[in-house]
Every structure is written in structure tokens, then in C-alpha cells.
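Would you mind keeping the following structure in view while I ask a few things?
Naming follows writing order (A, B, C and D), and every chain is counted from residue 1.
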Amino acid sequence: MIDKELPTAAEAVADVFDGATVMIGGFGEAGSPIELIHALIDQGASGLTVVNNNAGSGEVGLAALLKSGRVSKLICSYPRTAGSRVFPDLYRSGRIELELVPQGTLSERIRAGGAGIPAFFTPTAVGTPLQDGKETRTFDGRDYVMEHGLTADFALVKCSRADRHGNLVYNKTARNFGPVMATAATTTIVQASEIVDIGVLDPEAVVTPGIFVSRVVGVAEPALESELVARGVSYP
Amino acid sequence: MIDKELPTAAEAVADVFDGATVMIGGFGEAGSPIELIHALIDQGASGLTVVNNNAGSGEVGLAALLKSGRVSKLICSYPRTAGSRVFPDLYRSGRIELELVPQGTLSERIRAGGAGIPAFFTPTAVGTPLQDGKETRTFDGRDYVMEHGLTADFALVKCSRADRHGNLVYNKTARNFGPVMATAATTTIVQASEIVDIGVLDPEAVVTPGIFVSRVVGVAEPALESELVARGVSYP
Amino acid sequence: MAKRAAFDIPDGAYVNLGIGIPELVAKYVPEGREVVYHTENGLLGMGPSPADGEGDPELINAGKRQITAVPGASYFHHADSFVMIRGGHIDICVLGAMQVSETGDLANWSTGSPDAIPAVGGAMDLVAGANAIRVVTQHCTRDGQPKLVEACSYPLTGAGVVKRVYTDLAVVDISGDGFQLVELAPGIDFEHVRDLTAAELRPLPN
Amino acid sequence: MAKRAAFDIPDGAYVNLGIGIPELVAKYVPEGREVVYHTENGLLGMGPSPADGEGDPELINAGKRQITAVPGASYFHHADSFVMIRGGHIDICVLGAMQVSETGDLANWSTGSPDAIPAVGGAMDLVAGANAIRVVTQHCTRDGQPKLVEACSYPLTGAGVVKRVYTDLAVVDISGDGFQLVELAPGIDFEHVRDLTAAELRPLPN
């Protein structure tokens, strides 16, 4: 019997190890698995490489994880965030490494990682500083940059509904990076606002099939990052 | 106002030109846009390059198009079909060119074509005759073959429900190549078993967003290839 | 200028609007045209901001502001969203700019200052992939420096990508031959625009 | 042999079964194990054949035969299906074979005859991507030729990919060191199997 449900976020992230690469879903607060991130802060793994589109806001969620000093490298497209000093302070003081990747290249690199594709060519960033040091090649008269697939040891993903097989559906634009990150990690850990019986999710409408998911934790009323930030909350 | 609906299959395929590359959805009969294919036979364009997973069965649909002599090249993973002499006869007599592509490489090449990716590396076919003449490269100690994105002038796709924007959902395993082919063609032509009002399709469950679709034709009761073959029908 | 840019968006277009002034374009598209807005964080069919209290914090645009979805909308994941962009399926992308060169180079992501936090988002993908890149921007910076230049001094977002620029003073096309004036804003004369353009600006043909 | 192969499929496995004899494996998986079957034409959670008259011609497996979908199933398009395969997400793939070499090379798609219609399907993707490739096959061809050989004479499907072979005579592993007998079928002795194997076959350790 397949049952990927675990009772707590703490148990779900218990084996994240020092030095692990961790993909974290979300675009801003939409889709950010804030309870899993907080559990990871409590868990204490350090020297992490984190992959996320942004760098968090305020001092909760991803920003709190960065502030904890346990992230040595961030792979990211847009780390500039209104209202958070955490990343700028770390970056300017040289306490975190940044790999800046255009957003479409980032999502495609993650998809490639999950799809067993080690490298591909993209027109994005040709002629810009972000192609520096990368192999370029001309196809049909146009120049392209070679980019590599990206995989991770763990992915932390938020969805709206899941079943015990790990089939997932998402809420609106909270879908964003979740489905591709789920494919690219050795261990994909999901927080679902609701866990439903097997067979409830429409097979035609499942977004992430269970094959990509390792663990599911129910978090019935996930916190909203913007609300915590507005209230000045600092985690832990 | 966006209204991609056309009244007949004949009008939908009217501008297919001699020498065009045409992707045709379907895996066996599941998802095969048989009414669009028959309209294309009637239309008369020749010298076509056709991309499909198979080579048709009997003498209807794709097999009938091949039999018409208007296809000069087939890009395909599995042209061996029980009960059809059409492709074997053309192939053995040298009247059709075959580009044999592993099924996963075929679907990935089509996806890459639609995604603006001119080339990628895959482990599939390494060490086999299908890597002959292709560039190979080692990443992290494993060998990969470089494959190119595949695009087309037209794609013919069958779906279950569509709206006037060209948003599509499919029926079960009839989905197969339709969604990727829709992304990879300049002009994507769809036959839908039902055309519904805008807003009826659940935005969370749309499989092919309308941006990839050029034309939609309603075919309320599409023929079943297996049924036509069983009845010994030969088109036209 | 957003209004002028909106006028050039045809019925049936699939359009991506950059963060800031370009977002305003949607408000000015003439009545009777159905335009489908794409936001790269996973929605086709973006509608206006929600009424107070009716928003969903997980229904946002690329600028992370709450939006709505119109009938006919669809949600998708990030890789699929950039299939639309990189694959050439977006008809028009309207972006802001720090500098545009006479060869169509665009700089809009970084001043190159060593102190700045580098952040690129989806801008490089958009300029590489969308079929027509149009820029909406003030003609000059806040301190009066021309944004239309011979060559960008800031790091590029993309090379040779911009086809048309809408400013508060004029509409300017970029042809193989440099900046070509298309239209002057009401009350503005050619000499004024030329003086505030740091590259040759060809006047309207007589 | 399908039954023997089924015994080695653990609870919770994601499994792809090739066309033909490998399909039979699903029938023999011991009670109490929940196994999820993948069919590369776009379904995870494949169930048995439908009852007469209850099938859907658009719900088929890779062999193009009508199937059913179990609760918890999901449909997806071909590129996503091969993400599962190529990306290493399928735990076990059971395939048929024309030849298997002592280094794990597999030939199962073509005799190389110039007269044959070449057809590969998803076999090369499966052997390149699935985590464990197991073969179920008769030990010899219909005309008595060994299928376990030093080197394949037919064109390869993949090189060094097969880990275990289930035949009507034995279970044989492929280690770095050639064919290793794991188990004999009831009533079969080692010498018999060895004589029908066209490469060195190491016996069970004493």
C-alpha cells in the first residue's frame, strides 16, 4: 500500500542533510511552502544550496531561512525584494553566493533536470553578461547559450490538494515552480492544504502525478507570508 | 473578438501547401484527427513531411494519406502496424523516406521545437544504430546524443472539448502527442468533439492553452479508425 | 504613452506587459478589441485588479500584485509559461527600459553598479522570445539623461531586440538604420526630441 | 517466468511493462502489494482490460490494447510521460528480448534485416531511463538459438542496461562479471541451462 502522508512537517524534513541542494517552490508568496521552510529552519541543516525564484520577504519563510545563516548559495532569478533587508545584507557582506539565472532558463533547467536532459541550448541571455563563461553555438544563423539541467536532493512544494499517492493539484498562480521542482528532486516533500481520498482528484486534471512525490504533509490553513510580514513577524 | 472556430474541416486545412511539414497527433487511433486527415487528402497538398508516432492502419486516416502518395517523408517511432500494407509497400519500394526516432526523443524534439530550444542532449539511443551520425557528448561521465528541436508548418490535433479561444482538453490517452504538437506548429488546427462556451473549461484543467491553437473545427461524432478498418473502409 | 502603445495592440493579440508603466497599457486598449494577457508566473487571460477584499494572494501577476482571471483563462506551470515566451508564441511584449540603443539593444535590468543586487527575472527570456518587443518609457531619466543612445552603457537585457519605443515625447522605431521618428507627442517639436536623444534621430519623411 | 518476475516487484513500485509477455507480470504481483503501472502513451495507474463493451478506444496501452485506469490514476501528454522515463522516475521496467549479452546489452527492436520495417517505439528511452531493466523471455528462440550471448548480433536497444533476466529455465543476473545464475526453474539442472547459454554462466555459489 502506498501512503506518502506524514503527520508533521518536522518529520517530513527530518533527513535534509548539511550541504544539500533544496529547491523551494513559490513565486513571491504564491506557492511558497512556508510551514515546510519553517520546519527546515527548526531542523537545522546548514550549508544549503537553495533554488527559488526570489529571496523572500520580511523575516519569515525563505527570508528567515536565509537569515538563519544556513544557506551558502542561492540560485535565483530575482533576489531583489521590496521590504526585506535579509538577502541584500548577506549578499553585500559576502556571506552568501548568488547564481543569477533568467527566470525562463531557471524553470527550463529544472525541467531538464527532472527529464534526464543534461544540457540544452537557449536564446535567452545571448549578448548579455549572463552568457559570460558559457558555451555558445549557432543554429540556423541564430546564437544560443548552452545551459545545464538542474537537480536537487530535496524539493519543498506547496499545493492545494493531494492524495496518498502524491497526486497534486495547485491553486491558481501558486502552481508556478512546483510541478517542475517536483520532478527534479530525489526527495519531493509537499505541503497540501487538503488531503483527499484516492480517486477524488480527476485523472484528467492532476497536475503533478504521484510518481514525482515522496512525502505529503497536510497543512490545513497555511500562513500567508504577506500577512506575517505585515504583522512584523520574525521566524523563529 | 477572438473566434478560432471554422465551420468545416475542409476550410481548416485549405492552406496546407505542397512540401509542408505536418504534425499529426495520435497514438494508434487514440487522438488521431481522422476527419482532418481525410480533409487533407481531399485538399490535395503533396510532397508532405508527416510527423506521427505510427504509420496508420488499414486504408483510412493516416494510412490513407500515405497511400495517396502525397507524403514524401515520415518522421516516426513505430511504423510497423498489424494489418496495414500501406507503409511497408511504400517503404520497400523506396517511395517514402523514413526518419526513425525513439518515441521519447520524438516527443521531446517536438516539445523543444515549441519551446524555442534548438537542441538538447539525451541518453536515449546511445550505443545503438540510431545515434549514427549524431554528435555525442559526455556529461558527468555518461554519454549523450544531441538531438534537434522539431517544428512544423501545420499540426492536426484531435481533442474532446474546445472553446473559441482554442483552449483544449482531451480524452484519456488520446492526449498523447496533441499538446506538444500544438506548441510546435506555425498553424495548429484542432478537431474538437464538442465546442463549449468561453469560461466553461476549468482554467486549472485546461491542457492546451489557446495561445497554441489557430483554428478549431467541431466534429461531433468522430469516426473510429478501428471501426472503419474492421469494416474494410478505404478512403476516399 | 501607455495609451499610445495600447492603440497599436491589435484585436486577438497575446500580450505580455512588463512591471510598472507597461502594466497601464491594458487599461487603454480600445473598446472592441479582445486581447489576451499573459503573465509569466503562470496565467493566460489575466484580468484587472480584484475588487477590495475579493483577491486571492495566490492569484498574482509578475509584479506580485493581486489580479483576476478572465473567462477563457488557463493556469500552467513556469516551464510551460516560458514555452510560450521562448517559443515565440507571445505576439507583443511591452517593457520598460533604462536604455535603448539605435541598434535595438535593451538595458532594463541592472545599472551594473557593483553595489546593486543583481536581479533579472523574466526580462531576458521575454526579449529573446516574444515576437515584437516594444518599450514604453520616459524619454529621459529623472536627472535628464537621454535613454535613447548610440550604445547602452548599462549591461544588456538583449541585443537588437527592440522594434519600437513609446516615450512621453515621441514614438520612435528602430530600423536597420537607427532611430526613426514615427510620431511626435502633441505640442512637441522634432528639434526638442532630437536634442534629448543621444544618437541620430531621423525625422519624419516629408 | 512472468510470475517469477512479478514476485520481485516490491510494494509501492512504479513499473512499466513492455508489450507481450512482460504485460502478464501485472497479473502475478502478490496480493497486498500496491504497484503503479505506467504506460508511455500517457497514463500512470493502468488497470486491467475492461469488461466486454465497457472499453474506450481512447483508453489504451502502449500495445494499443484497451485498458482501464485505477483510482489515483493520472493522464499526461507524451513529453511528460517520457520525463518520467528519461528522468529516472520509473523504478522497474520489464521488457522482452531478442538477445541479451553478458555485459547487459539488450537487442529487442530489430533483426537488422534490410527487409524489415524498422520500428523502435519507446524501447530505447525505457532502457536509457528506467532505474532497473529486467528482461522476461524464453531462454532460446523458437528455432533453439540461445538468447543469452557473449555479444549481441542484432542492433542494440541499449548498451549495458539489463540487470536481470527471467527465462523459462532460470533467473540470471548480469554483474560486472558476466552471467550469474540466481535460480533454476523447477526440474531444470544447471548443465542444461549452461548448454543453452552462448556465454559463460557462473553457477550458484556453493
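We adopt the following convention: a residue touches a chain if its C-beta (ideal position, glycine included) is under 8 Å from a C-beta of that chain, and two chains touch if they have at least 3 such contacts.
Source: prediction; values computed, not measured.
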item	value
Touching chain A and also chain B, the following chains	C, D
Whole-Å separation of chain centres (CA-atom averages), chain B against chain C	35
Approximate Å spacing (C-alpha centroids) for the pair chain B, chain D	28
Contacts with 2+ other chains: residues of chain D	69, 75-76, 82, 85-86, 128-129
Junction residues of chain B - those touching two or more other chains	108, 111, 115-117, 122-123, 170, 172, 204, 207
Graph class of chain-chain contacts, one of line, ring, star, complete, other	other
Which pairs of chains touch, using the document's own definition	A-B, A-C, A-D, B-C, B-D
Chain A residues touching chain B - in the complex, by the definition given at the top	108, 112, 115-123, 137, 139-140, 142, 144, 148, 169-170, 172, 202, 204-205, 207
Residue ranges of chain B touching chain C (in the complex, touch as defined)	1-2, 111, 113-117, 163-165, 167, 183, 198-199, 201, 203-204, 206, 209-212
Footprint of chain B on chain D - complex, ascending	39-43, 56-60, 64, 69, 75-79, 81-82, 85-86, 105, 110, 115, 117-125, 128-129, 155-160
Touching residues on chain C, where the partner in the complex is chain B	11-12, 14, 32, 34, 36, 38, 44-45, 69, 71-76, 82-90, 128-129
Residue ranges of chain B touching chain D (in the complex, touch as defined)	27-31, 53, 77-80, 87-88, 91-92, 98, 100-105, 107-108, 110-111, 122-130, 170-180, 207, 224, 226
